[in-house]
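Read through the structures below before going on.
You will see two complexes here that share subunit A, one where it goes with subunit B and one where it goes with subunit C.
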Partner chain A sequence: MIEVAMEALRVVLDPSRILYIFLGVAIGAFIGVIPGLGGTVGMAIVLPFVFGMDPFTGMALLIGMIAVIHTADTFPSVLLGIPGSAGSQATIVDGYPLAKKGEAARALGASFTASLLGGLIGGIALFLAIQIARPLILSFGSPELLMLSLLGLSMVGVLTGKNPKLGIGAGLFGLLLGSVGAAPSVTEYRYSFDILYLQSGIPLPILALGLFAFPVMVDLVAEKQGSIAKEAKIGSGIFKGVKETFQHKFLVFRSAVLGAIIGFVPGLGGSVVDWISYGLAKQTEKNTENFGKGDIRGVIAPESSNNAKEGGGLIPTLLFGIPGSGTTAMLLGGLTLMGVQAGPRMLDQDLDLTMSIIWTLILANIIGAIACIFLAKYISKVALVQAEILVPILLVILTIGAYQSTRHWGDIILFFAIGIIGWFMSRLGWSRAAVLIGFVLATPIERYLWISISRYGSGWLTNPGVIIIGILITLIVIGSIVMARREKAKGGPTIG
Partner chain B sequence: MDKAISQLVFTIIMLMFFIFAAIEATQFKELASYFPLYLSLVAIVLMVIEIIRQVINLKKGNEEERAELLHPHIGAALIYSGILILYAVMVYVIGMVLASVIYVFAFLYFIAKTKLWKAILITAILIGAVIGFADLMNLYWPKSLINILTVIFV
Partner chain C sequence: MKRLILLLLVTLSSILVLAACGDNEADADSDENYYSGENIETVIPYDAGGGSDVLGRYVAPFLSDHIAGNPSVQVTNIPGAGSVIGMNEYFGLRDADGYSLIWSSGSTITNHLLGTEGVNYEFSELTPILGVPAGGVVFISADIGYEEPADILNVDPADLVYSGQSATGLDLVPLMSFDVLGLDVQALLGYEGSGPARVAFEQGESSLNYQTTAAYLSSVEPLVENGEAIPLYSFGHFDSDGNIIRDPAFPDLPNLKEFYEEVYGKEPSGEIWDAFEVVASRGFTIQKVLWTKNETPEEAIRLLQEGAENLAADPSFVEDGEDVLGGYEPVVGQELVDLIASIIQPELDPDIEAWIFDYLAENFGE
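Moving on, here comes the complex of A and B:
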């Protein structure tokens, strides 16, 4: 294992790949700084361009970008009081009051260092998970993998949407979209209506761009986001914040471990990881009377966990082939575009690629944090870019990106059509992440189902692993519906 | 636009989609039909339950829930969606580079209300960067009506 890790490090340190890590970090920093964008949109933008790249280079670009989004998204949270992405909402609670007191640099310094350390711990968690889970995962057969895919999809469906039934419906919608094109078990083109373009299926980058990037563009320009503040003063004291983070090393460690664990659970992570670690810090730390008024620990805790979450989130994605969020679903799709199949193979034939992903995650976190610390003054200016300026620029890039999928006009038409559906879904609380994950999992689920039936008949249904996961799925779905009803009875938020 | 009504309409559209998918699946070869057919059937059951729940909620509906809007600036959102789609039409008619130049400049100058020099500068930098990047990464440009007509007539 160590030998493979060292070989992977050598591959990652190749100058051309380092260049792509830098490019990914730069894109990730830009995406993170702009309020309203985020990992999923960033991934949708970059995904079409990895087609045809070798997996090591493509992963350098994608992981480089994902790794730093939660480092850079602190800028708008601290300076403007607007979350840069869903994972940086809790940072506002103490980061923004610190900025108002003239201590923005201190908050940013602490945040970048916490993000760096959190990212490293997330990378280490991924490495350790491989060591521990390897024998177990390699013993899984198609029936267990099928059930795990269904477990991941149902968890995302019930946890990411506001209504569990709509979440599951969204997942089923994704699975159906994923079944467009050639059937895996027999020669048959499904839902292609004799249109040549549809015979090879809907391209993943188009679905991702339409579902996530188009609605963001409409909302950015319609709600005039990103032009709220006129200036963002950083001031001095960035290294004071860096020093303070090291003084709170146990808080960093605790929050990062929590982030990695939450990231591991499909459907969680995203917008809850920062709040959970913030809440835990407030409950477990001493002298918490200043929390909410500008306590540096209120910045350190969420920032450590939201970067560590990325490492945790990669565990089910790479090892089981089950993405836990829209971003990891696209990462999984990116791997497929580059000819790699996630799942147990990533611990066997493609172990070197898995190791290179861990190294890229670690390196990108280091590069991103250092860049943010030293270029804070300049990067922060991006947060003030007017949304209306950004939209046409994004539109041109997205349209070119969309066209690269199959180089057919169908790509562009489908991008706008799915974009409109995605906009309605985002406004009505349908889980777009569940659609995307359903889409990505459609082919493996059907293949696992086909192999399970053809190899074991109906006997696979009595496998202990299948029964245990089946019970888990049932409990999750029923539990979420019961909880949603209780929430509604209490007067909690519901949709429709 | 009322969010609860929009939700109901959207759920009905999804139900129709799943019904269509189920009917279509019955036309496939047996082995290819199981997966989409059973998925659609489960989805149909879910959507019917959800529609009944939404209709009951709408009948009971409290004022607060009914007052929730689909979008705070629905008019602007629809207009801007149209403006974004206009770009695709322009790309189809006059080609990617020319459409991008006109569209980006017009958007910046008339919608973003940037200064003339700023609009020209941003457009020039963007188009330069896009052409450079496309060249570096061997990207393809969408074919336009002008391309097609040129091939036919020249």
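Moving on, here comes the complex of A and C:
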């Protein structure tokens, strides 16, 4: 194994391949910075070019791109309060207040370092997991996957602070939105009103942009505060942020491991991993009264986990050909274009390719983070631009980003409709994160519940895995009730 | 000053001469035709990264090389509603000028066959350019005591659980094949894709599963070698007279008809068999087809079909694309036209159509 790994490193370090990693990193950073564009768009742009490349070079390009999207997508989250991609929403909660206080550089420094470390841990997780991946994946049947989805849903309580009832309501609303379109198990269309566009359901990027980006636009214009940073400085604390991340190394490690695990579970949806790790950080850290007002740990936790999830997500994708997200689904297509079929043979015949993917992931994370730290000084000036100038430009970019989802005019209508709902919710202090989590988990919950019951009746309830995850869920729910009481007593803020 | 003007004149005239030479060169190229310097858009009514998308992107540069005039060939994804949105958009909004083509696939055909709401396209108004076959193999778990075809009637029916995606997609074909064989199989539908459905088989959540040829070769063959899975039958292919033949990718595996004969000692017959033939031939024999509209100018259709024939004769097309093509040779020219005319384009017998509807309603509550 080690020999193959060293040989693969030599292959990856070949000057021509390093060049492609740099190219991938550059494309990924660009796509990450633009709100609304995420991994799927990046793949769609790059995929046509990999045809005819040898798999090592092609994967250097593709993995290089995927690896840094969640590093660079922090820029808009911190500087503008707009998610750069569906995986960086939780960063806003503390990152944006930091930028408003004039500490954007500190937040970015911490976030890029967390991304770097998270990506490394994700790569190592991939390396360790490929040795036991088969029994690991085969032990997650539909009942266990159902319970994991419910575990994700139970985080709603943690995220909604002192208003658990509103949070549960928002989560249910998200579940309802997630049920729009074709049912997973029978040919039944729900809430599609005979409109073909709605038959495929609401696209995730549209929901994320509408809920989180649109309200910011309205507020920026309405508040007439001039620019985002109230003090006309972005701070010089990049390396202060870097240092702080290393001070919170256990938080980084915890969040990254969590990210890799969530990424590994197929269908659980890496797009809520940031919220889940934010919620867990809030619940397990001490002195959390500043969370939501600009606590650096609120930036470190989600950023460590969203880079780590890419490593975890590649395990089922490469070894079983079952993609966990739209991005990895397209990655599979790219592999086929280069003449490689994902599957068990990635562990023997194509082990060298698998190893080179791990190295690429690690190298791209390092290159991407260093590049972002270097660029932060320049890009963060965006926070100083007057809102009257910034908002129209952003609105155009967001609308184009939304339109990229399916390139149907329905995308734009839906973006504005969900945007207005999102604005009301942000004004009323209702949790939008809960809506998103409900939305993402609606389909897997319905799918696995249906399959579990029709296959096993009620017998699955006594599976050991089901019981263990069930206990975890109970603990989290009790924990969040206790936390809500405490916060109510203190009058802490509602986040998300 | 004079010198400067002279210099300008010299430069200008040399540019003119060069430009003229350029023109002459282009004129000398007497291969000017309908597609010279033009763009062809190939619409893929599925998401980027799926099987149809991979095929479309693989074929595009070969088309560009082999169509006279070497037009550039672009791919446009218009996904949604099981290819209905893309097909409708092509049908309603694209001109019949031969500069816009579309790929259809399994669900394009099943949606049309089942008259799904919103379908606004007709295969009879399209002309095929290039066809790529597909195949599928049904396999069973080695744990439930199956060794040879006759055993299939003796295994405990409670052990027969099939994992798949949805009864209105291509899973319809294996599901109907179980009814042809008179098996009482529990259908466990709703898996996220054919990959997760196969993992469910490996976990023991199901005991029956099917995979298309490429996926079978890469992911199921190792299970067969380990003694965890046993292949039962392929769905078979159909010739242009409508007769079922062995799947060319699996010459050693019986097709469903042969498997039935081994189990029962007679040929399958009756409504369920007729319906199976209709669905299986449309779903698998020629699964992915590149079309243009019938009203496309004749010259364009001729150039496209010639281009496809050259492409099929290019040895590197089949060699490089082993995984993409699933081990099959592309079908072009008259052979393709005949196959399409006998399999996909004819009006469906209303009795069989009604039968399939009742079948779906009864078994899968649609």
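We adopt the following convention: the second predicted complex is superposed on the first by the 274 of 496 C-alpha atoms of A that agree within 3 Å, B and C clash if a C-alpha of one lies under 4 Å from a C-alpha of the other, contacts with A are read in each partner's own complex, and residues count from 1 in each chain.
We adopt the following convention: a contact is a pair of C-beta atoms (placed from the backbone, for glycine too) under 8 Å apart; a residue touches a chain by one contact, two chains touch by 3 or more.
Here the structure is a predicted model, which is why all the values come from computation and not from measurement.
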Partner chain in contact with A:Leu138 - subunit B first, subunit C second, else both or neither: second
First (subunit B), second (subunit C), both or neither touched by A:Phe51: second
First (subunit B), second (subunit C), both or neither touched by A:Ile397: first
Which of subunit B and subunit C A:Ser185 touches, first, second, both or neither: both
Partner chain in contact with A:Arg407 - subunit B first, subunit C second, else both or neither: both
Contacts of A:Asn463 with subunit B and subunit C, given as first, second, both or neither: neither
Partner chain in contact with A:Leu176 - subunit B first, subunit C second, else both or neither: first
Which superposed partner A:Phe424 touches (first subunit B, second subunit C, both, neither): first
Subunit A residues contacted in one complex by subunit B, in the other by subunit C: 185-188, 407, 450
Touching residues (chain side subunit A, partner subunit C) in the complex: 40, 43-44, 47-48, 51-52, 137-142, 184-188, 194, 196-197, 199-200, 266-267, 320-323, 326, 329-334, 336-337, 339-345, 406-408, 447, 450-451, 454-455
Partner subunit B, residues of subunit A touching it in the complex: 49, 163, 165-166, 168-169, 172-173, 175-176, 179, 183, 185-188, 190-191, 214, 217-219, 221-223, 386, 388-389, 391-393, 395-397, 399-400, 403-404, 407, 409, 412-413, 416, 419-420, 423-424, 427-430, 445-446, 449-450, 495-496
Of subunit B, residues touching subunit A in the complex: 3-4, 6-8, 10-11, 14, 17-18, 21, 24-25, 28-29, 31-32, 35-36, 39-40, 42-43, 46-47, 49-50, 53-54, 57, 70-73, 76-77, 80-81, 84-85, 87-88, 91-92, 96, 100, 103-104, 107-108, 111-114, 122, 126, 130, 134, 137, 139-143
Subunit C residues within the subunit A interface of the complex: 47-50, 53-54, 57-58, 61, 75, 77-81, 84-85, 88, 117-118, 161, 166-168, 186, 188-193, 195-196, 199-200, 202-203, 205-206, 214-215, 217-219, 222, 320, 322-324, 364-366
